[in-house]
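Each structure below is given as structure tokens.
Shared chain: subunit A. Partners: subunit B in the first complex, subunit C in the second.
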Partner chain A sequence: MPDREKFPVHTGGVENFDLESGRYMKVWQGPQHPGVTGNMALELVTSGDEIVDLKTHVGYLHRGFEKLMERRKWIQNFPLVCRICVPEPDFNEYLYAAATEELAGIEIPERAVWIRTLNLEMARLTSFLMWLGGQAGAFGMGTIGQWTVTMRDFMLDLFEELTGGRIYHMYIVPGGVRGDVPQGWFSHVLTTLKNVEKVLDDIELVLFNNAVFKKRAVGLGVITPDMVDYYGITGPNARASGVARDIRKDRSYLIYDKLDFDIITGISIGVDSDIFGRTRLRAAEMRQSISLIRQMIDKMPEGPVHVSPPNVLHWKIPAGETYLSAECTRGEYGYYIVSDGSDKPRRVYVRGPSYTHAVALFEHMAPGTNIADTAGLMVSLHTYPPEIER
Partner chain B sequence: MSIKDIIAPFAVWKRAFEKPWTIKKPIDDRPGADRYRGFHKNDGDTCIGCGTCETICQNAAIDMVPVDGVQGDGGDSGLRPQIDYGRCCWCALCVDICTTGSLTMSNRYVWTDNDPDVYRFIPGYDSKEWDNAETGYSRPEGYSLLKEERVEMPALSVEEGLKSFVEMIKGYSAEQAVKEADRCVECGICVAECPAHMDIPGYIRAVREGNIDEGMRLLYETNPFPASCGRICTHRCEEVCSIGHNGDSVAIRWLKRYIADQVELEDYGKALPRPEENTGKKIAVIGAGPGGLTAAYYLRMLGHDVAVLEARKAGGGMLRYGIPEYRLPYDQLDKDIEYIRGLGVEIRYSINVDAESFKNLEKDYDALFFSTGLSDPYKLGIDGEDNPRVFGGLAVLDEVTAGKDPKLGKTVGVIGGGNVAMDAARTARRYGAEVTVLYRRRVVDMPADIEEIEEAAEEGITIIPQAIPLRVEDAADGKVGFVWNMAEMVDDPDGGRPRPQPIKGEIHTFVCDSLISAVGQGTNLPYLPEESESGVAVKRYKPVVDERGQTGNPGIFAGGDIVNSRKDAVSAIGDGHAAALSIDRFLMKKEA
Partner chain C sequence: MVDLKALRAEMDKRYKVIEISEQRTDLAFLECDKIDVPDAVAYLRDHEGYVHLSFITCVDRLEDEQFEIVYMLRNHEKKHDLGVKTKIDRKNPVMDSMHNHWAAVATYQRELREMFGIEFPGSPGVNRPFALESWAGPPPMRRDFDTRKYSEETYFPRPGRETHDPAEHMKKTQYPGRADL
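Entry: the complex of A and B
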């Protein structure tokens, strides 16, 4: 266990730096800045072009989701939770629905479980596509962003056909999924995956075999394995440092135990735990998602996709509490739901990985880096501010 | 780092020659997917304005508003959803929960306008270019947010039921009642349709929350006959129930019965309000049927002294003498009546009112309400109907109520298609007879409750529709023959319901031991003085009253079957309540 001296708790003590001395300058990056993901502000103290201190400011995106949910009936929350994390709403939908079902004692049909898993893996791929464009863009390679966002749009086409919506799918509902897979949809998925793979092949050449990217990304933003538990790091950020931690394997949920895949770590693909390594690892996880989606399409069982809850207007869920988690693109995503036996949740708490990554970890990692690398460093942690501010 | 890291990125030069993916809107259009959740559509003919979409909308984007040309009657609230696209998030919960399936979505997703007010619109009424779009989101098959199957009512088997006059319907258990009450969406369409305007969503909510006293209080706000109505009401409410559009309607009647069944008569007083302070006004009510006793109850509650005069030996009117015990046990009817009597309403039995005493009553009392029901059976109007083997439907039921065997024989024919015909047929069946019902129109045209027709068929009663009576004649072995002509249905040129027209040569004779004639009954008002004396006008055998039950004489009021066209218990109760309020206004000189 690392001690406090090694990883000092950040105090945000900007006043420690004598700004009058002329050695330091305070720079605000965000909340409106292309180098900051989402609406979040970074208060930087620089010395020359080196960052000597960083304080993060959140709150620009606070919409009070958790409180709102306490005033809505159980069924009325599924259109709300997807907004907590815009690029990958499905994890919110799944966790809210699954936790509600657990409290209510509802078993959902097998096909619904498979479709949910398929949906989540597609969301993972879609979210990584956008992130990859951002990561490359942060180092000045905007073209890659154009390719990946195009591919993401084709993935969104698939979501549109399946769920009726491109961004907010509102598809995984308490009781199953909202509708069965449309005719011919699987083959459309397979075609799209092939196109995505072609782009990934090109990105292999243009990003991972690129002297410019290597020069900037290798050795920057290193996460060591002993930081993982101290900062509560999960997901690819932890795996790149060599810690084999993946909820899909560790606490097998949905149908992940029926699919063939291994946890990808920095060690298994032979990269260091820096920005380059994390990018590499996520690209490998994209290919893993593609493989999982193909496996699921192959083995998808037939049957109903939904069980009806009681009349949702008076749906009361027995008193109880539960915490469910899932492996989203950024790590452990969790929902803690308490029911007091009424027709509305008593408390919904959302545990998102961005909070630990974007605040504590980022504030620790930034000092000592170059101001030009701030954006790339932040993107490499893959954080989404809307999910910090529930 | 190697030389490859410098050269490799150039390998993707080929992408510079690729065709762009960008869609050049508006030159190229890109339609939304087949189940895209785009702009709303609403089928105005299917929509009943139940407002469940408004209830479920988590953004409060939907308001129910009146729309020109939409009438609020017959199970339609007259309101339609107006959607505010400044609040809508296109989650389609409104589409999923729509009770009739009228609300859907198109796959259109682009709409620009420089007037911000147009984005609050009424789908289906404010015409939009996507109104006829074929694709877009609609509720997937098998996906439902409401419970569509009714909780099954425990009942005696048909064989058991036929053995005696024991009540057939057993009533819900607490668990069943709560489960059934859970199905209600509280739209209130039923309230408008109920002749007594009962607070149906309110008392169903009381069942759901286990608050029986509150349920009793709500029942008695508009109906002092819950134990009876909970059994035999014609439940027009259930016919318009919004849940009934896509499944079984909520068992409103059984839930009412459930509440009344949970409370013993001694405990009624704990749940229900007491009468107001005495006003010193005296009112006479003629007829102790549901209409008369309802008026008596509400007048008593308002603090007036009420005397009810009844010609028969017991109260309840048609509820007692027209409805067999297996549908409404007498102890349940007595429970309702006893509570009213216990509040201080004086009921005098075996008192026949004639024109002379009517005039005296008018003098002695501050106001008069009469509700004497329909007691004069219509004639068949055919030859031989005075045959001694032809009985009146009501007369048969009356005799059975008095505990006498009507001695109908082994085969019985019943002529008519109303509730009295069905009750008489099923009563005869319980005396072991083979029963055949003959009706001049089709089964769907029968005025009887559909349940009564179905239950009659289950009990082995044959129904011969489209049988026009021709004559009654003697048959061999002391039997009676009913000669009838097969009819075909022809459309009414005036647009009315189809009419039976005899088919030439299709003449049959039905031979049986007894014939029961039950083709309806009319008013019998021998006690009513001439209009010049009483001020009460009679038109087409009915006393003329205004919507508040007041006759031409401001102190005389009338209600029930003799006045309204529905001719059922709950309409009489509605009339009685309305008349009680008008009498109070008249006596206490209150403003309407």
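Entry: the complex of A and C
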């Protein structure tokens, strides 16, 4: 337990640190810092090398997406939404497309639903690969980052073959997906998955048996089950604490009810909900993702992949509102869309899981930890700043 | 599955429910009086199982001179989302703070104050800027905020830069001589 005497009394959310006393020092970590994911600044007040207060500062990536979307036609927002989250743009595409389809009453063909799910699971695997390298790198193991980023690049090759784009795909469009799968693509996917699995074996051997990683990550950044509701924690951060919640099972959107998988929690794989446990859980979810992709390739139905919506330049969507959520790598990703019957959305609100993880939760977890662990702790919450400020 | 009629009956006993509407089997919207919202949300959280707050946001109903605030709640056991909505006066936008209900509420309220100019008296740190440090203009997410006018008045134009109407420009450069477009 940290020494409580170091912590001044908080009243009304305002802390008064006497920086002149020589007991405290203010340190800014970010906005450009290798240990901070994306552009985000952490304002730390330290006592020795212990953090006594942390404030998250966002806004360095604010591009005003929600405002821009109100000024553009429904179809013009498609190249925009994927840019909200760089490492996994597909969830934005799917949610925006599915929400507009729901409001407009468009049914999409079955094969398109399957390809969408396949696309989302591949995005999940790609994003986790990037994250795993970041988590190891935050504890000084840069080599693992090189392995995972190489594997991520092979995954991006698959996306390029399928959609023409590596990072931003703009593949999931209203009415289905933009085009059918190219010939031989499924076999390329299966080959790449085999390679990813091999590298994953190596990583698990190197990372989870590494004495430095174990010493630093075990017992650090614990999330208890009773924190989950109060702090609005979703995704692997919540599941590692033993709370079995997965929107893929809860809402069973797309075709997740036809696939064979179980919710992975910290209890089911026998880990604690610290950084070490969360890393193990995410590695297990990567393997689950690989298994889901294989199942989908096995059972993929034939048929059309797109139905044409009405002339998209004059496309008016009936008045209404809806909220759709999906399980992304970090938790609940959601789109709340309000239409007033015109050719532009009235309001689009993007709910990113990092909003609660990086601000309320991180500000609560950081005090009492060591300044050298800030980066590792932050990466273990898997936060991406652009979805906080949108 | 959630029985909306039973939920409405329970809510009607305690609060003034204006409307409850079903969008999907797993999503409904409930409209309440402004004064009832903090209690109604606490009731839904403690007695109806809506333990998770997905988000708080605002829709600008400019033509009705109202802001619509939406609290999206989730019941994990019944797998149901419920959006609690309320309308507040746009000329005097003040809403009761709910920062004691969930930890993230204070952040949402900070953002709403910055983006829409809605006041939440008593919410911790609500006056600190969120994403827009040193922003001096009007709240930017309001619908009457004209981004183009603001940027023309605030920033100077770069010399040698032209702007075209996209439709006219496309006609001229891509389809010259086509009268039917």
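Note that the second predicted complex is superposed on the first by the 375 of 390 C-alpha atoms of A that agree within 3 Å, B and C clash if a C-alpha of one lies under 4 Å from a C-alpha of the other, contacts with A are read in each partner's own complex, and residues count from 1 in each chain.
The criterion applied here is as follows: a residue touches a chain if its C-beta (ideal position, glycine included) is under 8 Å from a C-beta of that chain, and two chains touch if they have at least 3 such contacts.
As the structure is a prediction and not an experimental result, all values here were calculated from the model.
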Based on the shared subunit A superposition, would you classify subunit B and subunit C as clashing or fitting together?
clash
Contacts of A:364 with subunit B and subunit C, given as first, second, both or neither
second
So, A:164: does it touch subunit B (first), subunit C (second), both, or neither?
first
First (subunit B), second (subunit C), both or neither: which does A:39 touch?
neither
Pick one for A:179: touches subunit B only (first), subunit C only (second), both, or neither.
first
Regarding the shared-chain residue A:356, is it in contact with subunit B (first), subunit C (second), both, or neither?
second
Let me test your reading of the model: by the given contact rule, A:291 touches which partner, first (subunit B), second (subunit C), both or neither?
neither
Between subunit B and subunit C, whom does A:308 touch in the aligned arrangement: first, second, both, or neither?
first
So the two structures are superposed on chain A. Out of 182-190, 218-226, 290-298 or 344-352, which stretch of subunit B collides with subunit C?
182-190
So which positions on subunit A get touched by both subunit B and subunit C?
none
Residues of subunit C that touch subunit A when the two form their complex
23-24, 26-27, 29, 51-55, 57, 59-60, 70, 72, 76, 79, 81, 83, 102-104, 106-107, 124-125, 129-133, 140-141, 143, 147
Interfacial residue positions of subunit A with respect to subunit B in the complex
72, 75-80, 147, 150, 153, 157, 160-161, 163-165, 168, 170, 178-180, 182, 202, 205-206, 209-211, 214-215, 304, 306, 308-314
In the complex, subunit A residues that touch subunit C
12-14, 57-59, 62, 64, 66-67, 70-71, 102, 229-232, 234, 245, 250-251, 320-323, 325, 332, 334, 336, 338, 346-347, 349, 351, 355-356, 359-361, 364, 388-389
Can you tell me which positions in subunit B touch subunit A when the two form their complex?
1, 4-6, 8-9, 11-12, 15, 21, 32-37, 52, 55-56, 58, 89-93, 96-97, 105, 137, 140, 142-147, 182-186, 208
